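Following this line, the structures themselves.
Common to both upcoming complexes is chain A, partnered first by chain B, then by chain C.
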Partner chain A sequence: MMIRPGAEMHFQTLNEAIRSTPDTDVMIENCLGQRYIGAGLSGKTIVINGTPGNALGAYLDGCTIHVHGNSQEATGDTMNEGTIYVHGNAGDATGYAMRGGKIFIEGNSGYRTGIHMKAFQEKVPVLVVGGITGSFLGEYQAGGYIIVLDLNHQSIEKNCNFVGTGMHGGKIFLRTEKLPPNLPKQILASQATKEDLKEIKPFIHEFCEAFGREEQEILDSSFYVLTPNSNNPYKQLYTRNQC
Partner chain B sequence: MMSQNILHKEGEVRIPSGCAISGIFSKSGKKVNGREIIKSIATMHDRSNGLGGGFAGYGIYPQYPDAYAFHVFYNDEDSKARCEKFLERHFDVINLSKIPTRKVAAITDEPLIWRYFVTPLHIKLMQSQLSEEEFTKRCVIHINTQLDGAYVFSSGKNMGVFKAVGFPEDVGEFYRLEEYDAYSWTAHGRYPTNTPGWWGGAHPFDLLGLSIVHNGEISSYDANRRYIEMFGYKCNLLTDTEVITYIIDYLANEKKLTMEEVASVIAAPFWSTIERMPQKQREQLTYLRNTFASLLITGPFSILVGFEGGMMALNDRLKLRSMVVGEKDDTDMVYIASEECAIRVIEPRVDRVWSPKGGEPVIVRLNPDAKV
Partner chain C sequence: MGNNGINYIHPEFEVVRDQDKCIACRVCERQCANEVHYMDEDGVMRADNSKCVNCHRCVSLCPTGALKIVKSDHTFRPNGNWTPQIITELYRQAGSGGVLLSSMGNPTNLPVYWDRLLLNASQVTNPSIDPLREPMETVTFLGKKPKEIVRDEEGNIVNNQTPQIRLNTPIMFSAMSYGSISYNAHASLARAATELGICYNTGEGGLHEDFYQYGPNTIVQVASGRFGVHKAYLEAGCAVEIKIGQGAKPGIGGHLPGAKIVGDISRTRMIPEGSDAISPAPHHDIYSIEDLRQLVYSLKEATEYNKPVIVKIAAVHNVAAIASGVARSGADIIAIDGFRGGTGAAPTRIRDNVGIPIELALASVDSRLREEGIRDNVSVVVGGSIRSAADVVKAIALGADACYIGTAACLAMGCHLCRSCQEGKCNWGIATQRPELVKRLNPNIGSQRLVNLVNAWTHEIKEIMGGMGINSIESLRGNRLMLRGVGLNQKELEILGIKYAGE
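Our next item is the complex of A and B:
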């Protein structure tokens, strides 16, 4: 199915058309701000040319979405399964509370990327950003992988303030020579080892396949890995807890 | 407090809730028709709830470039007569007329809406020993606080605010915005947080050509209000956008800070960030934070500040609201909006689209050779 929403079509009409078509391949041309595209859907491939609105792929449950353009705020909000590729930049709060599936951003992503990401048993979400992100990367992260590659050398160290604020689970990988300042004391940051990089190799591979990048070149660079420093890093933050 | 035509005044009812903002700026001074800004803000329809919409256009009254253009809401003929008497006592009224509107089904309960092109009476101005700006500002504040049923919602030179309760696209239709051309436009779609919408409470807020559209909810309202009221401003609307307007007017026009400095006061960097700066910058920012501590605005906001010959976009320092900037080089155009789609709809081929950081002001001005 091919559909041209332009600016006039309301998101409800567009999403109803996507949901009700028996076609598994959906092409959206000239998309202009329609929200919630693919919300809760599974089993379709959606290609979007233009600018999808907020909460693209919210609660996504197993589709593949390609965006040729930039996505706005909260891409993949609370998604459960599937893959979103953005051939461009993403707005703030990309991967907000995602609990499964993968998001690949070719360019930059905004503030609070990966906020509230979580994991449970076999559900481990993955978010890879080719460029850099805004501040508060991985805020309150509870699980999954956030990987920031800075392929255009814009400097993670200078742009990403307050990384991992409130983080208590999961891992953040930063491809950088120098750690950003202001890391909270509940975060452990160390140079990634070969073993660490083995964990993320398949995700880097998938990113490179999607955006035509050289995998080995990326893996050969300096990475830092950030994790919470204990199982209960904020035990003493507000009150003295006995346990 | 002025009486109002609506059931509840601002502040009597709390409505928890987003908003939409959009701006178009032509650095070359080329005039852009009002239809364009309507198209942009309408794309973000779902960010507003129909309780307020408005526009500010700069360069729209080239026939009276040196007169203050007062746009006034009146509750009734009596309030109009009282206000006009006041205006005649203080100003030379060069031209007065109803602001042309058209009937739009979605816009109801309109007040009387009048426009006056005025200049301060020479003798009054001399007696007051004030500057022309200060004199006019005090008159506007006097009308808005003392003259029941009259509200001056636009008072700049060669610019004008058009606002109402309704969705912004309906408000634009109502005010026949297609009849105006501006080098700079800002627009707002309101989704009131805390207060029910009324005509005066819609955005933009304006004081002598300094206009603000605002998406957010500031948590420092009372601290800011108490401080700014010491300098003669009266926050009588109980909305946070009003206090932002007075803060920027005070810092930029009274204290003569640059717009960059104003941004460093209201969206100051964290002390921990300031500590890591080079000495000169650190000293300057420490000075500004200490001197104007009470004017730090906290809580989420993205604002567009319109002023004569320029526009500033600013996010709160934590960047709790979305805002993107689009630039088109060959036409010297800058577009700023809450969402990228609102830029793409009027200019699909922008050269760059980017998001400013929290507290990082984006200031655009007319080129030196621009004619407006």
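Our next item is the complex of A and C:
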């Protein structure tokens, strides 16, 4: 199915059309900010040319979405399964509370990217950003992988402030020579070893496949890996009151 | 811990054992997860008072009635300003450097407005109605109400009603997460709600797969941490509730201690075992009513507009303006939680000092929505704290569509309000994840006691309505003429929108 929503089409109309079509392949031409595309959907491949609105692929339950353009705020909010490729930049809170599936952003992503990502056993979400992100990357992260590649040398060190605030699980990989100076004290940061990089190799591979990049060149560079420094980093904050 | 071997805290309670009655059966010892009771070398039962939280588990199970718990009469030098509680709390913090963490609702002595509201009854004219003889309607529908009647070309009414929650009685069990309370507690609530034709609420911890079967009577909650939120979960319930705030801790988020993150809880929430579950104060995608609207509509899109969306907020100073915004956000129902609302864990200072009474919040929200002509955009549900059928009736007369009960439901399941939920060692099997404690709450009995409670309240509501000459809950809603105040000042009467007794 091909839809050309233009500026007039309300998101409700567009999304109802996507939901109700028996076609598994959906092409949206000249998308102009319609929100919630693919919300809760499964079993479709959606190609978007243009600019989807906020909460693209919210609660996504197993579609593949390609955006040829930039995505806005909360891309893949609480997504459970499926893959989103953005051939451009993404707005704030990309991958908010992701609990499965993968998001690949070719360019940059905004503030609070990967906030609240979580994982359990076989459900491990992956978020790869080709450029850099805004501050508060991986805030409250409880699981999954966040990988920031800075392929355009915009400096993670200077731009990604307060990475991993409130983090208590999962891993963040930063392709950088130097860490941002203001990491919270509950974060353990170390130079990624070969073993560490082996974990993310398949994700880098998938990123390179999607955006035509050289995999080995990326893997040969300096990465830092960030993890919480204990099983329960925020425990000491409280004292029991008997009242 | 900076105490240098000195114990600054004297036990608050004393376990009094009648040694003549004690048969040293050690039931108390086995029942107490706090490890208060023990047998000494001579075979005599003893108690470590410092560990007692006064939950009455041992008292209730002692076969000879040998036990009682009394408040210690040990005293600091009396001081009207520096009370024993304040001194003790200060000692705790000086010893630990931590934020004081409490549980259950605000226990302080601030005014309970319900107790200063009195209900009307018919005399002579407009005779009262006997609910045993006459039908009394307590069925309540929650959701947006259509503004106009639409007819087709033949004059038939077109159904333009958006999805509603149908309740047999205007009472629901409020949000308590699987994690903060046990599997058996959730099972009790879910079964009772189903039998009663009302709803319970998952809280923000997701829904255990065993409970999907109770979906038509389940409200699923979405909070900032998005624990356990996925498509099947959203579709499982009869409504989706966005948790913005909670009466016990307005402005701050949820905090489930790591001790409660075990096994299934870890799986449902998708966070590592033993790690505190942090559900931060704000939704990081909501900074405005427009942003709230975005979350409301993303949930509506994901559920194909089949479920009403509830937005739950805490009763705070500007609650009327906030509710006005929420009513314009596309939400179908607003839930307001008063400052006495319960919690499994909240910083003491926040619980006891932040937020406003639900009675005042409800009255001002209802008035504001009416003034702005948007009262029918939403239903209003209130909680924190509703303690009896009389509170329910007063809430509805002040303008609520229905009430949430949390603490009252816990009490029905056996809670003794010892306010130690944050420890995860609930001897009554409610606020714990320890298997040996959880099994103490039998869901057959728990659900039956909940059913009994709500049925009893419903009967009382009918009695009170009948006394007023009202035969339908609809006619009571916002009927403030049925209320009079006592012991209230002019400003309080004005906010509540009621007259003084005798007026």
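In this text, the second predicted complex is superposed on the first by the 237 of 243 C-alpha atoms of A that agree within 3 Å, B and C clash if a C-alpha of one lies under 4 Å from a C-alpha of the other, contacts with A are read in each partner's own complex, and residues count from 1 in each chain.
The rule is short, and it goes like this: a residue touches a chain if its C-beta (ideal position, glycine included) is under 8 Å from a C-beta of that chain, and two chains touch if they have at least 3 such contacts.
All values derive from a computational prediction rather than experimental measurement.
K.L.:
Please work out whether A:169 is in contact with chain B alone, chain C alone, both, or neither, and reply first, second, both or neither.
P.N.:
Touch status of A:169: second partner only.
K.L.:
Once the shared chain is lined up, is A:135 touching chain B (first), chain C (second), both, or neither of them?
P.N.:
In the superposed model, A:135 contacts chain B only, not chain C.
K.L.:
Let me test your reading of the model: by the given contact rule, A:35 touches which partner, first (chain B), second (chain C), both or neither?
P.N.:
both
K.L.:
Of the partners chain B and chain C, which touch A:55 in the superposed model: first, second, both, neither?
P.N.:
second
K.L.:
Does chain B (first) or chain C (second) touch A:120, or do both, or does neither?
P.N.:
Only chain C is touched by A:120; chain B is not.
K.L.:
Compare chain B and chain C by how many residues of chain A each one touches, and report the one with more.
P.N.:
More residues of chain A are touched by C.
K.L.:
Is A:181 touching anything from chain B or chain C once the two structures are fitted on A? First, second, both or neither.
P.N.:
first
K.L.:
Could you say whether A:107 touches chain B, chain C, both of them, or neither, answering first, second, both or neither?
P.N.:
neither
K.L.:
In the superposed arrangement, which partner chain does A:239 touch: chain B (first), chain C (second), both, or neither?
P.N.:
Once the two structures are laid over each other on A, A:239 reaches chain C alone.
K.L.:
On chain A, which stretch or stretches are contacted by chain B in one complex as well as by chain C in the other?
P.N.:
Looking at chain A, the two contact sets intersect at 11, 35, 54, 73, 92.
K.L.:
Would you tell me which residues of chain B are touching chain A in their complex?
P.N.:
39, 42-44, 46, 272-273, 276, 318-319, 322, 324, 339-342, 344-345, 353, 355, 357-358
K.L.:
What residues on chain A touch chain C, complex-wise?
P.N.:
The contact residues of chain A facing chain C are 11-12, 15, 19, 35-36, 39-40, 42, 54-55, 58-59, 61, 73-74, 77-78, 80, 92-93, 96-97, 99, 112, 115-116, 118-121, 123, 139-140, 142-143, 166, 168-169, 228, 231-243.
K.L.:
Inside the complex, what are the residues of chain A that reach chain B?
P.N.:
Residues in contact with chain B: 7, 11, 32-33, 35, 50-51, 53-54, 70, 72-73, 89, 91-92, 110-111, 134-136, 159, 161, 181-182.
K.L.:
Mind pulling up the chain C residues that touch chain A in the complex?
P.N.:
12, 53, 85, 88-89, 92-93, 95-102, 107, 224-227, 229-231, 234, 255, 257-258, 266-267, 269-272, 274-276, 278, 280, 284-285, 294, 297-298, 301-304, 347-348, 419-420, 422-423
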